[in-house]
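Listed below are the structures to be examined.
Look for chain A in each of the two complexes below; its partner is chain B in the first and chain C in the second.
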Partner chain A sequence: MNRSTDKFLTLFQEAEAHLEQLLPLGQRRLKARATFEHVGFPMQKMEKWRNSHLRTIRETDWVFERTQPAVDKTQWPERFRHAPVFVNGVAESDDFWEERTDGVQIGSLRAALKHTPQRVFDHFNKNNKEDLFGTFALNTLLVTDGLWVYVPKGIRVETPVLAVQYSSGKHHAVNHLRHILVVEEAASVDVQMLQISTPDDNHFIQDITECFVADRGIIRRHVLQQFQGETICFSTAFSTQGEASEYHSNVTTLSSHNTRNEQHTRFDKPDGVARLGGLYLAAEKERVEHQVFIDHAVPDCESHEKFAGVLSGHAQGAFTGHILVREDAQKTNAFQASNNMVLSDDARVRSLPFLEIYADDVKCSHGATVGKLDDEALFYLRSRGIGAEEAKRILLTSFAAATLEDVEDENYKQFVVDEIQSKLAAVSQ
Partner chain B sequence: MSNNTLLEIKDLHAEVEGKKILKGINLSIPAGSVHAIMGPNGAGKSTLGSVIAGKEEFEVTHGEVLYKGRNILEMDPEERALEGVFMSFQNPVEIPGVSMPNFLRTIINAHREHRGEEPIAPAEFLRLMKEKAAFLGIEKMIRGRSVNEGFSGGEKKKNEMLQMMLLEPQFVVLDELDSGLDIDAIRKVSEAVNQMRSPDNAFLAITHYQRLLDYIVPDVIHILVDGRIVKSGDKNLALELEKDGYEMML
Partner chain C sequence: MTEEDKLLEEITAKEYEHGFVTDIEMEVIPKGLTEDTVRFISAKKNEPEWMLEYRLKAYRAWLEMEMPDWAHLKVPPIDFQDISYYAAPKTKPKYDSIDEVDPELLRTFERLGIPLEEQKRLAGVAVDAVFDSVSVMTTFNETLDELGIIFCSISEAVKNHPDLIKQYLGSVVPYRDNYFAALNAAVFSDGSFVYIPPGVRSPVELSTYFRINTEGLGQFERTLIIADEGSYVSYLEGCTAPMRDENQLHAAVVEIAVHKEAEVKYSTVQNWYPGDKDGKGGIYNFVTKRGICLGDHSKLSWTQVETGSAITWKYPSTILKGDHSVGEFYSVALTNNMQQADTGTKMTHLGSNTRSTIISKGISAGKSHNTYRGLVHIGKRATGSRNFSQCDSLLLTDRCGAHTFPYIDVANSSSIVEHEATTSKIADDQIFYLKQRGLDEEKAISLIVNGYAKEVLQQLPMEFAAEARKLLEISLEGSVG
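And now, the complex of A and B:
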């Protein structure tokens, strides 16, 4: 058993009573413990963990503590200042629960467990792959709360659901969250989440989002990450899709310390579409990684991946894109692009496409680029009177904004582009 | 230098990657005039334009370029542009993701800010952009497109003219404005130039063929061969050249 596995098992043992009191999962935690013990915490040498930075996790004595610091919103974008907040893994409001007359439920997982336990357990862990990586079982072991969104058949939720995942504290605490998004047949929802930490934060966060998209349903999931301090965050989304359904995911990382974003998508019925986008801006010694796994299990589905990174300083970025097209999945369309802009000699980026195709009638493409700013374009802009810094910012912003093309909510798109632009103003100097 | 001189080049030497390209250029271009530079491929015509516009990869090893009496070699490209220098590129670069309207508004506002003016009002900008683009016949295609992306050769040159018309520069380098254009397009871009001609500004028209000079009639023609101006004369020089070729100049 590796050191990290051992450590987290001990941590669980000490915290179990407290965890159960916060979120009673009973047997599910014990089952997850057995799985975790068996699978173990991921090791650096494992194929899909090679680009992740696990040393700090291995060497830190993590604690579980339920702290509820006063929430400092000064660094938050205005857009999220009134949204419900999860503070160090638990909803700030004890009673975060809304059930609308049309049956839409929005609240915390803790509240959902009280109001609608059956429905919660119909979904909890159904998409999570506990036995794939130890991190996923660990999440069940240590989870305290998360966002619950349920949209009944035929209902289209017009206004985006906003939430904030906030972490602040300097005692090396773990925060594990589970978000669950369920849309029934022909229903739709747009969820926008800010993940943010304070400059003194050094927590280990692991959030898992389980998305269930029924036939002709649509989930749009947007995450904006703004980690400060020494926050380690593993953020994973699992989605399964019904017939002619759509799943959109867009993760924009403005700042980070050590972030691993992971997306697992599976098509269960034909004619599904998945659009996955991600952008990270990584400066100084930031490390960001995207792991994507798309399971074309049935015919006639299409997946689009558009990922990009802008790296400067000593930043490190990585993209691993695994596309599995199973034998029966004829007429699959799968497109993948990973484009990176490297602005300094010391920044590093790796793109690893991984195509596993067993069907023969398939359209599949992947492309990876690593480039610098285009000097010709830079000169063109300057020769028209645009200052050097602004010219760089314009070029970088247009490069970065390409990952947001598929975002439907124009307000959100503009908001993120503005955030990117002001972040890049600092990078391009 | 007469007080009418807008641009004066004195014994200009420039090289790129250690290769000498301009080997002592002297030129004096008064306001109100059009000078043409003709010469074979590789003579250094585009290099001269790039040095005037401020492209950094060309190293000026000797000489001066005075614009309104100031040595612009010490200025950044953007500063030169804001002071009224404009180059229409031989091969305008494509800039994916930067939309045409945004780009045009940004450059107009950069110039307005430099003059201490407020940013252009959105309605006024749209009106202006439409008017000039319609004149050039590229009104439809600039909407929703990225700068030069997917433009044909002719559309790229028209886009250069659009920017020139919007920025109203005082000294304009036209680098092979006619290359890749059909006769209608040459007429159109020439009309844009001729409309702008005034006693206050001047043009340096670089061209390989004399064809363009039927439409943009120059006051003086210079022949550039191997980094040097080997002959200057009036517009009849172009006809001579047409007949005898560059070889006779060597």
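And now, the complex of A and C:
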């Protein structure tokens, strides 16, 4: 058993009573403990963890904080200032719960467990792959709260559901969240989440989002990451899709310290479509990583991945994509693009676009590029009277904004483009 | 039974063309691997003490290593104690003229189409034929001697050119590099040694044919090629092996050192026994091939056509150390029936303005699995470097697999890396078009596959290209369906 595994087991032992009081999961936590003990916390030498930075996690004595700090919203984008907040893993409001007349439920997992325990347990951990990586079992072990969204059959939620995952504190605390998004047949929802931390924050956050898209349903998930302190964040989304369903996910990382984003998508029935996008702007010593695994388990599905990174300073970025097309998953279309722009000689980028294909009637392709700004394009803009800085910013913005093409909410798209622009203004100088 | 089925059955029933066994008395040591085996091999070859020391160091390192399991392969457990590590034809190993060579052996070579005889010399091919482990014959020595080119077996080189061996052996593939490289360094039986002096262009294509013969014998070839400043050589390697039920292990090591402004072109056609259609028998081909472009403006080009072996684990790689050096990798890997291949390349860019190109064409048929695995690493000092990779996979049946595992790692801001890959099957309309022109389905597929692999095939020396095209055709037989 490795050191990290030991440490988190001890932490669980100390906090177990408190955790259960916050979110009573009973046997599920004990089962997760057994799995975690067996699988162990990931180690650097594991193939899918090579590009992650685990040393700080291994060397830090993590604690569990029982009190919540006051929330400082001054740094937040206006768009999210009135959204419900999860502070260090727990909803700010004790009973964050809304049940609309059409049956739509939006609230905290804690509240959902009180109001609709059966439905919660019908979905909790159903998509999570506890035995794949120790981190996933650890999440069940230490989870305190999360967002719960339930959309009944045929209901289309028109306004996006907004939420903020906020972390602040300098005592090396762990925050583990579980968000669950359930969309029944022909229903749809758009969830937009800001993940933000304060400049003095040094927490280890792990959030897992379980998405369930029933036949002809649509989930759109948008995450904007703005970590300012020494926050370590592992953010994972699992999704399973029914017939002719759609799953959209877009994760934009504006700033980070050590971030690992994962997406696991599985098609359970034919004709599903998944569109996954991600952008990381990493400067200074930031580390950002994207892991994407798409399981084409059935025929006639389509997946599109569009990931891009802009790296400067001593930043490190990595993209690992893995498309699995199982036997008999004929007529699969899978496209994967990973494009990276390196602006400094001290930055580093790795791209691993994998294809694993066991069916023949498929169209799968991937493209990966690592490069610099196109001199000709720069020259063109400058010859039109645009200054060097501005030209650089224009090109980088268009490069970065390409990952947002599939985002349907124009307001959100514009909001993120603006955020990207102001961030790039700082990077490209 | 329809006409098509009949044809199919006829073709699939076809036995491996090169699967015959030569009956020559062999000297084989008992199975098993200990320090004594290593000492025996070294003594058998009258090696100097330093060579034995090197082997023993490698053997001890191997003992501490574990067989790699990261490849996308299902390798049955290999009992390394159930392999015989040395075999040599009992007939005396050196001949003055071709008449002295065992006629049985010559017939074998002839059936394999090895250009060993006089008329072949005119075709411009010098051959160092390795029959099992001991080099039996080397032609063309005179022509090469005049230019100062050394082309001999590695055992001879150990005796006659110890300084070169001491300097270069293990310099590109150290014995600690990997499990099979360590094993090879400990027990390598023989192989080829090439040295091209400064400014010399080899007038002929140097070629070696390997052939595995004795049952249960693992072959551990060692090839070392040194191209001194401003020289050029094109080296061909081709292999066929007779049909066996028992799996045979082949763990070769190829090292290439390319100096300033020199160029080496290394071409392989690999057609070892792939096992029968149920996956019984066949060669395990675990090869470490690596070259280093030591000097500025040097170039190393790998071309491979892989159709044989039950399991292939092979990544011909290039370290681009000199500034402006160039690395190329062209590969066609075809797997059929139960074959498995995990092959690709590593391009390690260390010098500035280095360039590399990777073109890989995988073709999977039957129930086979074909994997491309490649690394492009651009180091911090490799400014202004470029890489272009294209990895295409073609699937011919719905029970085979085609996998692509590229690794891209870039650590500076002035380099450009582009990678693209596609996986698809042959479009129905293409087949329809050809059938409409009077070709049967099998011919149509073979034509399309040859066109698909053309980019790589045209990199091969001419007579090799013809052989390779024929090979693709033969290997594809019976895969329609």
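Note that in this section the second predicted complex is superposed on the first by the 429 of 429 C-alpha atoms of A that agree within 3 Å, B and C clash if a C-alpha of one lies under 4 Å from a C-alpha of the other, contacts with A are read in each partner's own complex, and residues count from 1 in each chain.
We adopt the following convention: a residue touches a chain if its C-beta (ideal position, glycine included) is under 8 Å from a C-beta of that chain, and two chains touch if they have at least 3 such contacts.
Quick caveat, the model's predicted, so the values are computed rather than measured.
Clash-free side-by-side placement of chain B and chain C is the outcome of superposition onto chain A. Look at A:384: by the touch rule set out above, it reaches chain B but stays clear of chain C. In the superposition on chain A, contact of A:398 is made with chain B only, not with chain C. Judged by the touch definition given at the top, the superposed model places A:63 against neither chain B nor chain C. Looking at the superposition, the partner that touches the larger set of chain A residues, chain B or chain C, turns out to be C. Once the two complexes are laid over each other on the shared chain, residue contacts for A:132 go to neither chain B nor chain C. Once chain A of one complex is fitted onto chain A of the other, the partner contacts of A:30 are absent, as it touches neither chain B nor chain C. With both structures placed on the common chain, the touch criterion links A:347 to chain C but leaves chain B unconnected. Following the chain A superposition, chain B and chain C show a smallest Cα-Cα distance of 15 angstrom.
Taken together, the two complexes place no residue of chain A in contact with both chain B and chain C. Residues 53-57, 76-78, 80-82, 86-87, 89, 92-98, 106-107, 110-111, 114, 146-147, 163, 167 of chain B are the ones touching chain A in the complex.
On the chain A side of its complex with chain B, the touching residues are 374-377, 379-388, 391, 394-395, 397-399, 401-402.
On the side of chain A, the complex with chain C involves touching residues 47, 327-328, 330, 340, 342-372. Those residues of chain C that touch chain A in the shared complex are 70, 72, 378, 380, 383, 393, 395-425.
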